[in-house]
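In the two complexes that follow, chain A is the common piece, with chain B as its partner first and chain C second.
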Partner chain A sequence: MEVRNRGLVTALRYRGREGMWAWLLHRATGLGVLFFLIIHVIETAAVVYSPEFYDEALQIYKNPFFRFAELLIFFSVLFHAVNGSRIVIQDFWPYLMERQRQLTWAAGIVVLLVMVPVTWIMVAPVFGLAEEPGLERHLERCVERTQAPACLEVVE
Partner chain B sequence: MTVAAQVDGRGEPRRGGGYDRPKGRLANFEVFSWFFMRISGLVLILLALYHLIWWNLVIGVEHLDSQVVIERWSNPFWRLFNVLLVTFALLHGLNGARYSIEDYIRRRGLQIAVKTIVYSVVLVTLVIGVYALLTFDPASFFAIR
Partner chain C sequence: MPMVTLRIQRFDPENDQRPVYREYAVNADPTDRVLDAINSVKWYQDGSLTYRRSCAHGICGSDAMRINGANRLACKVLIRDVGAKVTIEPLMGFRVIKDLVVDMEPFFAQFRSVLPYLINDEGAPERERTQSVHEREVYDDTTKCILCAACTTSCPSFWADENFVGPAAIVNAHRFIFDSRDKAAAERLDILNDREGVWRCRTVFNCTEACPREIRITKAIGEVKKAILSSAR
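The block that comes next holds the complex of A and B.
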């Protein structure tokens, strides 16, 4: 097998324009989501064996700083989904490859438009600018399940 | 636009670049892998985006606890949903990681070593996740509590 080495700087100087950046971001978001999934699946499986451990682990997710990580995960999955749709469309209707640059822009714009309200809903509560999403539903649940771990915090 | 020449082992050049599928050839592993990424990707758009919207925007991470998850999993539909989600997501991710490893790690020995580690971690995670979902027994859960 031939071994080719290209430095990072050389790679980034390559002017592949929209297609290259979409490809790079697709790869980065995919690997990032896979890394998170490994942690997420194991930690969620723990709920079956030790709910107490699971509730402890959840405290990490409830840290305000982690909200930005959650937003990054949301963005990663959304970008991967929209850009992936573009790739599927181009693969099955190859003549659309002639419009791949415009389609890449369209994918990027769709992602940004969706991210605007999502960012507000997820981040505004951290700064006290809005209620936590799902608060109403949570309070209703806590009337019936006063002993649920997340409800104990509400009582305090 | 330049017209690509006919190359052995490829189908006809097609509009937009690339070639048609060669006639009369059986699909190999890479063709299957390519197709799997498209199909699992389309399924995951529905499953993963629903999952993200539900837990981040409708329920809210702040309101999560073990009880919420146990209540959700008491319904076999949601356990099946999660089995499908975790299986498709991890296999799609594993194959994507394989593409990256094969692109960046060119030394054969190192590539095999890295693949062994990544495949093991992802497949063990998949087994843990699916096993937990399939053996989850809501009845015994609520009996203890």
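The block that comes next holds the complex of A and C.
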């Protein structure tokens, strides 16, 4: 039998440092964003092909679970963008790679700094700690368009 | 002397179906090297344990292996830096011949593929080919390679694709591409401008972290990538 020590489990057990974890997360978030975009395109296309299905889908998204999923999507896009910028910067100025660990940490800190207020804005309303952003404007619009599907429950 | 437990991946192709881990307790000082502990196993406990070592002073590049999950030279790591329980496994990606010995032939084939020697067909000058301090400095870092394969076998791109030329070969190409006396830079850049060449590199930095000679490998690869792009213009 041939032994090569190159399977996925062996690979994940390798003790890489910041660069390896950033790369893994970059891959995972990239796939996550791609997966989201596919679902998003299908579901948005439904507004043309099957409006009932579209309305139903939007109702499902009101479940608090999806608020956390949306937060995860936001994190994925943000991390992929910031970390991707770090990689581009390194590629253009290779001498910066002498500070690769610090650059990776810097990217992580930028992501964290943005995530703190965004997490509050997105999650606090779920626990009733803050008002849903845009609620006021939504209610104003519903006065004019009481029959819009998103307004039906408001009017009730 | 304190006791240290070595957990070593063993594989004997003649008797084993798959690798097994065996534990050995040895006496070792904190200032001993991991290689001393492995020697102690071979010399006093189990003579069948198979591994490579030659100079035992960090310059021949024979005893690269995975120590606690990361590629290191066993002769350069002290017991006090790895703790009382040490896991020792062969390098990843190459075929295990026995225990900690892997088949390095594909590694040297990668190395040879980048023409790792001085090429200059101009007639010999009257005296030596002079080089300024700055010209020498440009490739100083990549002259330090000892071909231990710690970098190539730490690279996820290599784990996924054994045809990837690998960081070690690119380091050795860099050493001649940026040597002002060498005349075959274009040829080497052409070899590396390939989907199995420098573009497989995803700047994971595992190679840079693994190099026992502290060569800034990912940076060298980045410089080769830039050289390819600017020579194409």
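Criterion: the second predicted complex is superposed on the first by the 148 of 156 C-alpha atoms of A that agree within 3 Å, B and C clash if a C-alpha of one lies under 4 Å from a C-alpha of the other, contacts with A are read in each partner's own complex, and residues count from 1 in each chain.
In this section, a contact is a pair of C-beta atoms (placed from the backbone, for glycine too) under 8 Å apart; a residue touches a chain by one contact, two chains touch by 3 or more.
For clarity, every value in this text was computed on a predicted model and none was experimentally measured.
Novice: Quick one: name whichever of chain B and chain C touches more residues of chain A.
Specialist: B
Novice: Using the touch definition from the top, say if A:M20 reaches chain B (first), chain C (second), both or neither.
Specialist: second
Novice: Using the superposition on chain A described above, determine whether A:I109 touches chain B (first), chain C (second), both, or neither.
Specialist: So A:I109 meets neither chain B nor chain C here.
Novice: Which partner does A:E98 contact after superposing on A: first (chain B), second (chain C), both, neither?
Specialist: Both partners.
Novice: With the two structures laid over each other on chain A, which partner does A:R6 touch: chain B (first), chain C (second), both, or neither?
Specialist: second
Novice: On chain A, which stretch or stretches are contacted by chain B in one complex as well as by chain C in the other?
Specialist: Of chain A, residues 1-4, 90-91, 94-95, 97-98 contact chain B in one complex and chain C in the other.
Novice: Tell me, which parts of chain C touch chain A in their complex?
Specialist: Chain C residues touching chain A: 11, 13, 17-19, 66, 68-70, 89-96, 154, 156, 159, 202-206, 208-209, 216, 218-219, 222-223, 225-226.
Novice: Can you tell me which positions in chain B touch chain A when the two form their complex?
Specialist: Its residues touching chain A are 14-18, 38, 41-42, 44-45, 48-49, 52, 56-70, 86, 89-90, 93-94, 96-97, 100, 106-108, 121-122, 125-126, 128-129, 131-133, 135-136.
Novice: Using the touch definition up top, name the residues of chain A that touch chain B in the complex.
Specialist: Residue positions touching the partner: 1-4, 27, 30-31, 33-34, 37-38, 41-42, 44-49, 51-52, 54-55, 58, 61-62, 67, 70, 73-74, 77-78, 81, 84-85, 88, 90-92, 94-98, 118, 121-122, 125, 132-135, 137-138, 141, 145, 148-151.
Novice: Across the complex, what residues on chain A touch chain C?
Specialist: 1-6, 10-11, 13-20, 23, 87, 90-91, 94-95, 97-98, 100
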